C-alpha cells in the first residue's frame, strides 16, 4: 500500500499533472499493489484493491479518467471467477496493460480524426495546454497541413506558454494573446480546439477556467468549437445527479502579496454547456455531446456497473 | 513651444496616464504657450496655438478628451473678435480654466448620478481601473450604500490591482479574479460599471481590452452593463467615418522572453457595441448610447465646428 | 389645501386610478388651491403651490404623468414675472386648462397614429387595461379596420376583463386567455400594443406586471411590440439615476387566506427594456425608445428645468 | 369489464388525476378484468384485455404513462407462450405488480438524483404542482439541504397553492407569485424544476400551460431548467409523427360569467422545446432530452413493440 | 402641366429608375411647370404647383426622396412672402437648383465618409445595385484602398450584374454568387454596404427584396452591416403611423410561363429592422438608425412642416 | 465492368440525378457485374466487386446513399462463408433486391410519418426539389389534409419549378417566390420540410444551397424546421473527421457571358447545423439530429464495419 500512498500523495501535491498522467500513475500503483500483495485469497486480495482505490479516489476531486482507470482494473478482477491470488495478480497486470494501451490508441485515434478537421490555410484557436490537443496539431502538421495557431496565455498559471512553445518547436506560426483579448481575435479563427478534464452525463464539459467565455465568443462569431478528449473522461457520478467538483486553488497563484482583506477567488475549472460544443473529438469519432451517455454505454459499458 | 513639446513627450512615453490627466496636461500646456507668446497679432497668436495643437494631437492616437479640450480652448479664441494679443491670452487662460472646472463638475455629477443605481446589498462588477468609476463607487459608499465589488486583475498591466486596493481602502468588500473567470462570477453581479477611453458617433465605446467579453457575458446573464464616462470622450472624427485608433503595445508587457518566433499581439483597447450598453452614465444623465450624437450636439455644439 | 389633501388621499387609496385620471385630479386640485388662496404676494402664493405639490407627489410612488402635470402648472407661474396674486391665479387656471387640453389632444393623436398600424385582417395582442390602447382600438374600428384582439386576464386584479368587455362592446372579435398562455397564442398575433405607467431616460418602459414576459415572447415570435403612451409619462428623475419606484401591493390580492408563513410577493409593475420595444406610439409620432430623451427635450423642454 | 368502464369514466371526469394515479388505476382495472375473466382460452382472454385497453385509451387524450402501463401488462401476456387462462391471469397480476413497483422505485430514484442538484443556499423555482417534483424537494429537505422555493399560482386552477402548502408543511421558505411575475423573480433562482405530462420522441416535453414561458425566461437569465419525470411518460406515437394531443378545458375555469360573445381559450398544456431543457431527471439519471429516444430503447424496449 | 404628366408617366412605367433619378426628374418637372405658368397671382401659381405635386406623388408608391424634393421646392415658395409670379418662378428655379446641388454634395460626402470604413485588405459584401454604394466603392478605390467585393445576382431582375460589371470596370476583384449563397460567403466578408429606398421614423430601412436576410446573416456572423443613403430618403409619413408601401411587381419577372394556377408573389422591397443596422452612412455622418428622426429634424426641419 | 463504367460515367455527367436514383443505378450496376463475372473463386469475385466499388465511389463526391448501397451489397457477400461463385452471385442479387426494397419502404414510411405533422389549414414551406418531400406532401394530400405550400425557385437551376409543377398537379394551392424573399414569407408558414443530400455524424445535414438561410429564417420566426430523409444518407466518413465534400459547379449555370474577370462561385450544397433542425423525419421515426449516430448504429450497424 505504500506505493499507492506515495502516488496519491504526489497527485495531491500536483507533482503528477494532467488527467492522463494521473490515470497512468494510478493504474501503475494498482499493479504495484497487486505485485506486492500478501493476500491469501480472492476476498482479501479484492479488499486490498478496494482500499487502494479509496486512497486514490481521495487524492483529488475531479479526476474521472483516473477513477475510470481504477474502475476498469478492479472490475476486471471482479468479473472473473478465478479464486487463486496469483491468477488474479496476472489479471490486474494485464488489465492495467490493456488500459494503458487503450489510452495510447485513443490519443492517436483522436489526433488522426481531429487533424482532418483542419483545412489548409486555417487558423486554429486554443486555450490553456492540453497534450491531446497538441498531439492533434502535431499530427496535422505531419500530414502536411498548412495552418496557424492562436493561443491564450491562460492565467493564472500561464499554461498557454507551454502550448506556444510546443507550437513554435513544431514550426507552426503562432499568435499569443492575453485571455481577455479572445473576442477580438476570434474573428480570425476558423475552428477552436480545447481539451477536457471531465465530461458529464448531460454532455457538458469541464475544462480550464476561461474555456466557457471562449466558447461563448466562438458561438457569437460562428466559429465551430470542438472539445478534444478521450471519452473515458466521462464521469458516471454526474449521471446520478452529482455536480463535477471544481477545484479552487490558492490566492498566491493570482496575486502574491494581495491586500489581506481582499477576497481572491481562484477556481481552476469551469463548465462549458453542451449547446456551445459542435462536437467531441474522441476515440469513437466526432460525436455530438448530447449523445455522450449512450455512446459511453455502447463503448465502455463497464463504467456503469 | 518648449512646454508643449515636453508635455507631448511625456504623454507619448505614458508618463502622463489616463484620459483625464492627459487632457488636463494639454490644456495647461496651451495656457503656457499663451503666457509665453511673442506673437504681435491675432493671426500669429492663433498660428502658435494651432502648432501646439498639432504637436499635442500627434502625441497619442486615441485621446478624444484631450483633443476636445484643445478644440475648446482654440475655439474660444477663434470665436471672439478680439484682435489684441493680451486679450486673447486672457481668453485662453479663462477658457482653459472653464474646461478644467467643467471636467471636475462632470466627474462629480457622474458620481452622484451613478451612485443612485447601486441598490443596497448589490454586487458591482468592474474591469480595469477607471478613476471615474472608482469616484462613483466612493460616492455610493459615502452615501451609506451597502454593496460589494468584483474586479478583474486586467492583464497585461494588472490595473485591476489598483482598483482592488482602492476598494479595500474604502472598506468595500471586494472579490478579485482573473479576467477569464468573469463568466462564472457574473451570475453573482447585479450591475456592471466600466470606464471609457472614447465614444463613437455610432454609440460604441472604446475601453480596455477585455471589456467587450465582459459586456457579452453580462448580456448573457441579463446583468445591466453601464459605461461611466464624461461625454467629452465623444470623438467627432468617428462621425466622419474614421475608425477609433487602437493602440497596440509591446510584447514584453505580456511575456518577457517569449520565443522570438512567437507573434505576441497586445492591443490595449477594444470596441464595445452599443447593443451591449444599457446606458452611458455621463454629466448629461444616464443616456442610451444610441442618442449620444444628438446629446453631444445639444450639450457641446462647439465640438462639431 | 384641504382639497389637495383630499385628492392626495383618494389617490393613495386607489379611489382615483389610471395615470391619466390621477394627473387630471392633481391639476384640478392645484387649480382649487389657487382659487382658494389667501396669499398676499407672489412668494406666498408660490409657497402654497409648492406645498400642494409636495402633498401630491407623496401620494403615490410611480406617477410621472401627474408629477409632470404639477411641474407644468407651477412652472407656468414661476416663468412669468407677474407679481399680483389674482393674475397668478389666472395663470394657474389657464395652464391647468392647457394641460388638460394637451392631454386630450395627445390621446386623440396617439389613437389616430396607432390605428394606422393595424392592417386589415390583423390580430392585435394586448395585456391588462389601458384606456390609451382601447381608445386606439376604438379608433381603428371606427376607421373600418377589420381586426381581432387577444387579451390576457392580467392577474391578480383581472383588469383584462375590462379590456375584454370593452372590446366586446365595440363588437371586435376577442379571445381571452390566462396570462401564462401568452406564448402559445403569440404566434397568431400580428402586433402587440400595451400601455405604460412610466418611461425612463434610458428608453425603458414601466408597465403592469407580465408585460416584460409578453415583450420577450413577442420578440421570440418576431411580432412587433409597441408601447402606446403619452410622452409625458417620461420621468425626468430617471435621467439623474433614480430607479422608477415599483409599487408592491398586498398579499390578499393574490391569495386570500394564504398560509401565514408563505411569503406572497405582489409587485404591480415591471420594467420592459428598450430592446424589446419596436416603437413608442406617442403624440410626437412613432419613435424609437432610444431617442425618447432627446424628443422630450424638443417637445417638452420645461420638464427638465 | 364493468370495473374498466368505471375506471375509464372516473378518469374522463377527472376524478382520478395526475399521470401516475391514472396509470395506477388503469393497471388495477386490467388486473380486475383478469381476475373476473370468463375466457376459456388464451385468444379470448387476450381479446378481453385488448377491449379493456381500448376503453382505457379512449378515456383521455394525453396519458402516455397510462398507455405504457397497459402496453406493459398486455405485452407481458402476449410475449409468454402460456395457453392456460389461470396462468395468464397470474401473469397479468404479477406484471401489474411489477409495473407499480417500478413506478414507485422510479420516483424514489428520481428524488434521490434530483436532490443532489440542489446546492445549499439555493433557490428552486417551480410551476404548477407535480408530485414527482415535490417528492424530490422533500428528499432534499430530509437530506439536510438548506434551500428556498419560489412557486407560481398556476392559473386557472391554482395548483401552485397545493405546492405552496406542501412546501410550508415541509418548513421550506417559500415565495408565492402570480404566473406573469416569473420573469422578475427568475433572477433570484438558481435552478428550475418542473414535472411533465408527456415526453416526445424529439425530446420535447408537454407540461402545464405556462411552462414554456418559464423555460424561456430561465434561458434568458441563464438559470438551468430541469424536467423531473419518469421516463415512461415517453409517448411512442410521437415517434411516428403524431402530435401529442393538448386538452382544451372549459371557459368557466377562467371566467365564470364571461360575456357570451367572448372567445375564451383554455389549453391545459403546452410544449417545451428540448433546446430549453438542461436535462430530464429520470430513473435513468439526468439525461439530455435529445437522447431520450435511444435511452428509452435501452431501458424499455417493449414500449416500441 | 404636360411636362409633369409626361414625367409622372415615365416614372410609372419605370422608364426613370432609381430613387435619385426619380427625384431629379420630379424637381425638373416642377421647374418646367414654373417656367410655363400662366398664373396671374401667387395663389394661382401655388395651386398649379400643388396640382403638379399630386400628379408626381401618385406616380409611384415608395418614393420618399422624390416627395421630399417636391416638398422642398413648394415649401420654398410658400415660406416667402413674394406675391409677384415672376419672383416666385425664380424661387422655384433656385430652390430646384439648390436641391440638386444638395443631392450631389450628399452623395460625395457619403462616398467620402463611407470609404474610410473600408480597411486595406477588406472584403465588402453588397446586394442589388445602388449608385450611392458604387460611388462609395469607387471613391475608396480612388483613395488607393485595396479591397475585394462580393455581390449577389439579386433575383428577379439581376441588378447585381450591373454592380458586378461596374466593379470589374473599376478593376476591383469581385466575386459573384446567387442570392441564397449569401450565408456561406458572409464569413469571408468584413463589412456589408447596401443602399436604401426609404428610411422610416422608427429607424427601419426599406430596400430591395433579400436585404433583410443578408442583414440577418451578417448579424449571425458578426459582420457590421451599414446602410448607405441620403438622409432625405427619410419618409415623414411613417412618423404618423403609415406603413411604407411595398411595391409588388408582375409574375413574369420571376417565371415566364408559370402554371396558371400557381400563385407567384413578387414584392420588390422589404424592411430591415434598425437592430440589424450598425449605422446609416449619410451626409450627416455615420449615425445610429435609432436617432434618424431627431437628426432629420436638426438637418431638414422643413420636411416636418 | 463495362456496365459499371457506363453507369459511373452517367452519374458523373449528371445523367442520373438525385441521391436515390444514383444509389439505385449503382446497385443495379453491381448486380450486372455479378451476373457477368468470369471469376473462378470467391477472392477473384470479391476483387471484381471492390474494383466496381472504387469506380462508383469515384464518380461523384457527395453520394453517401450510393456508397452505403454499395457497402451493403459487398458487405453481404463478405459476411457469408460461401465459396462458390454462383452462390455469391445469388447473394449479390438478393442483397441488391433487399436494398431497393428497403429504400422503397423507407420512402413510404417517411411519407406516412411526415404527413401526420401537417395540420389542417397549415402552410408548408419547402426549398428546391426533393422527391422524398413531394412524396410526403402527396401522401398528406391523399390523406385528405387541407394545406398550402410555399416554394422557392431555387437558383441557379430552378428546381423549385419542378416542385411547384408537381404541387399544382396535385391540386395543392402553391405560392412561388424568389429565394431571397424567404424571410418575408416565413411568417405565414407553419412548418418547413426540406430534403437532404447527406447527414453527418455530428447531426448536421447537407442540402441544396440556400437551405441554411431558410433554416436561420425559420428559427428567427419560430417555425419548426424538419429534414425529410432516408437515414441511409448518413455518411460514416464524417464520424472519422472527414468533411462532407461540397460540389462546386460551373459559372455558366449562374451567368452565361459573365465578364471574364468576374469570379463566379457556384457551390451546389451547404451545411445546416443540427441546432436549426427540429427533427429528421426518417424511416426510424422523427428523431433529433443529435442522436443520428446512435440510431444508425442500432438500425444499420453494417454501415460502420
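Note that the chains take the letters A, B, C, D, E and F in the order they are written out, and that residue 1 is the start of every chain.
The rule we apply is simple: a residue touches a chain if its C-beta (ideal position, glycine included) is under 8 Å from a C-beta of that chain, and two chains touch if they have at least 3 such contacts.
A quick note: this is a predicted structure, and the numbers were derived from the prediction, not measured.
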If a chain touches chain B and chain D alike, it appears here: A, C
Shared interface partners, meaning chains that touch chain A and chain B: D, E
Copies chain A and chain F touch via same or different residues, half shared test: different
Cα superposition angle of chain D on its copy chain E, in degrees to the nearest 5: 180
Winner on C-beta contact pairs when C-F is weighed against E-F: E-F
Centre-to-centre distance between chain C and chain B (centres being mean Cα positions), rounded to whole Å: 38
Between chain C and chain A, distance of the C-alpha-averaged centres to the nearest whole Å: 58
Distance from the mean Cα position of chain D to that of chain C, given in whole angstrom: 44
Junction residues of chain A, two or more chains touched: 220, 275, 288, 290-291, 294
Set of all touching chain pairs, with the criterion as stated earlier: A-B, A-D, A-E, A-F, B-C, B-D, B-E, C-D, C-E, C-F, D-F, E-F
Chain D to chain B touching residues, read off their complex: 187, 220-222
Touching residues on chain F, where the partner in the complex is chain E: 152-156, 161, 164-165, 168, 173-185, 209-210, 212-213, 216-217, 220, 254-255, 258-259, 261-267, 270
Residues on chain B engaged by chain E in the complex (per definition of touch): 201-203, 238-243, 273-275, 288-291, 293-294, 297
Chain C - residues contacting chain E, complex: 112-117, 119, 275, 278-279, 281, 285-288, 290-291, 294-295, 298
